[in-house]
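Pasting the structures here.
Each of the two complexes below includes subunit A, the first together with subunit B, the second together with subunit C.
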Partner chain A sequence: MDSHNIMFVILAVIILISSVATVVSKSIIRAATYLLFVLLGTAGLYFLLGYTFLGSVQIMVYAGGIIVLYVFSILLTSGQQEKLNRVYLMKKIAVGMSCIAGLGIFIAMFFKQQFLATALSAPSESDASFLSIEEIGKHMLSTGEGGFLLPFEAVSILLLACIVGGLIIARKR
Partner chain B sequence: MFDFKIVTEWLHGALTGIMPEWAAILTESVLVALAVITLYAVFAIILIYMERKVCAFFQCRLGPNRVGKWGLLQVFCDVFKMLTKEIINLRNTDMFLHNLAPFLVVTASMVTFACLPWNRGAQMIDFNVGLFFILAASSVGVVGILLAGWSSNNKYSLIGAMRSGAQIISYELSIGMTMLTMICLTGTMSIQGIVEQQYAEGWNIFRGHIPAVIAFLIYLIAGNAECNRGPFDLPECESELTAGYHTEYSGMHFGYYYLAEYLNLFICAGIATLVFLGGWAPLHIAGLDGFNNVMDFIPGAVWFIGKTFFVVFLLMWMRWTFPRLRIDQILALEWKYLVPISMLNLVLMALLVAFGLHF
Partner chain C sequence: MIQLEYLLIISAVMLFAGIYGFFTRKSTLAMLLSIELMLNAADINFAVFNRMLFPDGHEGYFFAIFGIAIAAAESAIAIAIMINIYRMLKNISVDELKQMKW
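Right, the complex of A and B next:
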């Protein structure tokens, strides 16, 4: 038992409890808050793996962006007593079935790929195999092998289209 | 220059001698956390006293001068008053979120605070994406503000929170842009790397001359807005919204907001120092070796804290000089002026670096 494993267990417990609370919670804004903890816990896992760039992106985009957007839109749309709809029996059964199926596939993959052995010997930032931010940037903008310029630009155009679309919807007529 | 690593390595060696490594790391983490919290409280007290005195002098008043010599004990009395006050529970509110919100705000600000470089080797969090991590960690605080406004079940708090959210999210953009401009100059995001580079080659504000000065000015404006401090303090403007999102908070829960506000000011100034004014790097003038050697004898922590308080003074000067803006003026200033200027500035800096015109 080393400090990596202890931290992993702490983060895993936080993520598990918050995920269940997100789904179970009746108040929509509380669900958003629990989701924030799930996302922060995931960022913690990335930091534990030594992948600080992805961890920072997780905090920046999800915790600082998406959750703020959720909370903002909840504040703009709903009143104080907004509650989620009642769940009917048929829906409960369908949800339960798909959850069990998803869990089964996940566990099967988990044991087949032997993730556990590699995940517990987590690398640190000083390792030679560690991917630095310079390399990420170069891969992101290169056209050669392992280059991501085309997807990168495609995503840029998608975002631009979203902005223009949002402006057209919000425009005063 | 004095390298703080000597102390940390000695401590690590001493601790690993008497306990297993994971326990040593755990003990060190607890010690560092205690150090962060202590520094946080001490700087809050200093900043609150400074704010009251600076504000008073700008308004031709004396400021606190009754408790202790020059009113030095005033802030300690305020802290004890706040600690002994009752925390009032409101009816018809979401108590869980109401109590959670101040902790989110104060935690985000503490994590950012832990990233500041205090001396060579004296840094708590040093990732290779350091600056990006600072931006990311500071963006979590706005969730706390929004939740505080919502869970207070009060129209004024909600309006204050919405304004604050809109303002912080917009001004984060130009802070990100100015950071990008400076990363373009330094070529690294690691905090210790940026400071070491400035120690060797001179402060970034001199190295990057024109675009760096423009970026510095934009950063000061956006930083003041990011801390919800006036001229951009309308999330909590007293005359129309009583106190904005923290109207319904009392006792130490209000105290956390107060603490976070002042420490965010310090963090904002600290990041300006780190990126533009050299962090703990002393002032070096090329060619004057004797002068440079003398400057090296002053410890890095003194340089860092001194420069940070200089920037804090600039921010306070701005706060107490300009009148408050309206919400549409604030958003227009950001989206119509600061964002385009900082984008052009980024291009200018990229050209400067590409043609090697920096020092």
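Right, the complex of A and C next:
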């Protein structure tokens, strides 16, 4: 066991426990906090894969931006506890059973699939998958092979529409 | 050793936790948290398949970034709608949402 594998096990345990705790915790503000741990663990996984820029984006946008937005809106809209009744409990059990069954099917398929991939090696700058910031910028703004200009512009229009829409929907009238 | 399957299992557990939360929660904000879990699981899959199966290409990497941007836009709009609903009804539980007209 080298440090790479030990970090993977730690991140996996954090993500698995926190993602289940996000959906079963009674208080919604606690659920948002557990979601923060899931997102930080995911950023750790991206660092482990060698995708440092993606991990930084995950921390800045998700953990830094979205979670703060959620916490503010939870505080604005009263974080009251959810009530339980008999029918609701039956529904919870049914959904939980079908989710566990679906998860079992997924995991069985993963091991039946026989992926060609070898085990993940520690990331290094000589890998074919390594991308420097300069290369990322060139990929983002080129139209040729390996260029992502069209989705880049589509996302920028989406964000503009999101700003205008958010202002119009949330304004006082 | 870290196999591809282990990373996929992590994202599958995250996806099904999100599905469970989406079906059982009554508060719309808690449902949004579950949607974030599901989107995050999809992003992990993009990055993992890119890194482990096609290390020469970069499609999964860039679409994970675009996925994060879309998730941010989606949650901002959704929270704006929630706050508007709260102003109208003083409640954001799905049981109270009988009309979507404002």
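Operating definition for what follows: the second predicted complex is superposed on the first by the 132 of 173 C-alpha atoms of A that agree within 3 Å, B and C clash if a C-alpha of one lies under 4 Å from a C-alpha of the other, contacts with A are read in each partner's own complex, and residues count from 1 in each chain.
Just so we're on the same page, a residue touches a chain if its C-beta (ideal position, glycine included) is under 8 Å from a C-beta of that chain, and two chains touch if they have at least 3 such contacts.
As the structure is a prediction and not an experimental result, all values here were calculated from the model.
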Overlay on subunit A: subunit C relative to subunit B, clash or fit: fit
First, second, both or neither for A:G146, with subunit B first and subunit C second: second
Subunit B versus subunit C as contact partner of A:S132, first or second or both or neither: first
Larger contact residue set on subunit A - subunit B or subunit C: C
Which superposed partner A:I15 touches (first subunit B, second subunit C, both, neither): second
Partner chain(s) touched by A:S3 [first = subunit B, second = subunit C, both, neither]: first
First (subunit B), second (subunit C), both or neither touched by A:I107: second
Which superposed partner A:T33 touches (first subunit B, second subunit C, both, neither): first
Which superposed partner A:G65 touches (first subunit B, second subunit C, both, neither): both
Three-chain overlay, closest Cα atoms of subunit B and subunit C, distance in Å: 14
Set of subunit A residues, in rising order, touched by both subunit B and subunit C: 57, 65, 74, 76
Of all residues in subunit B, those that touch subunit A in their complex: 21-22, 25-26, 92, 94, 96-97, 100, 127-129, 132-133, 135-137, 139-140, 142-143, 146-147, 149-150, 153, 158, 161-162, 165, 169, 189
Subunit A-touching residues of subunit C, taken from the complex the two chains share: 1-10, 12-14, 16-21, 23-27, 29-30, 32-34, 36-37, 40, 43-44, 47-48, 50-53, 55-58, 61-66, 68-73, 75-77, 79-84, 86, 92
Contacting residues of subunit A [partner subunit B, same complex]: 1-3, 6, 27, 29-30, 33, 36, 40, 52-53, 55-57, 59-60, 63-65, 67-68, 71-72, 74-76, 80, 125, 132-133
Interface residues, subunit A side, partner subunit C - complex: 4-5, 8, 12, 15-16, 19-20, 22-23, 28, 31-32, 35, 38-39, 42, 45-46, 48-51, 54, 57-58, 61-62, 65-66, 69-70, 73-74, 76-77, 82-83, 88, 91-92, 95-96, 99-100, 102-103, 106-107, 110-111, 115-117, 119-120, 127-129, 131, 139-140, 146, 148, 151-152, 155, 158-159, 162, 165-166, 169-170
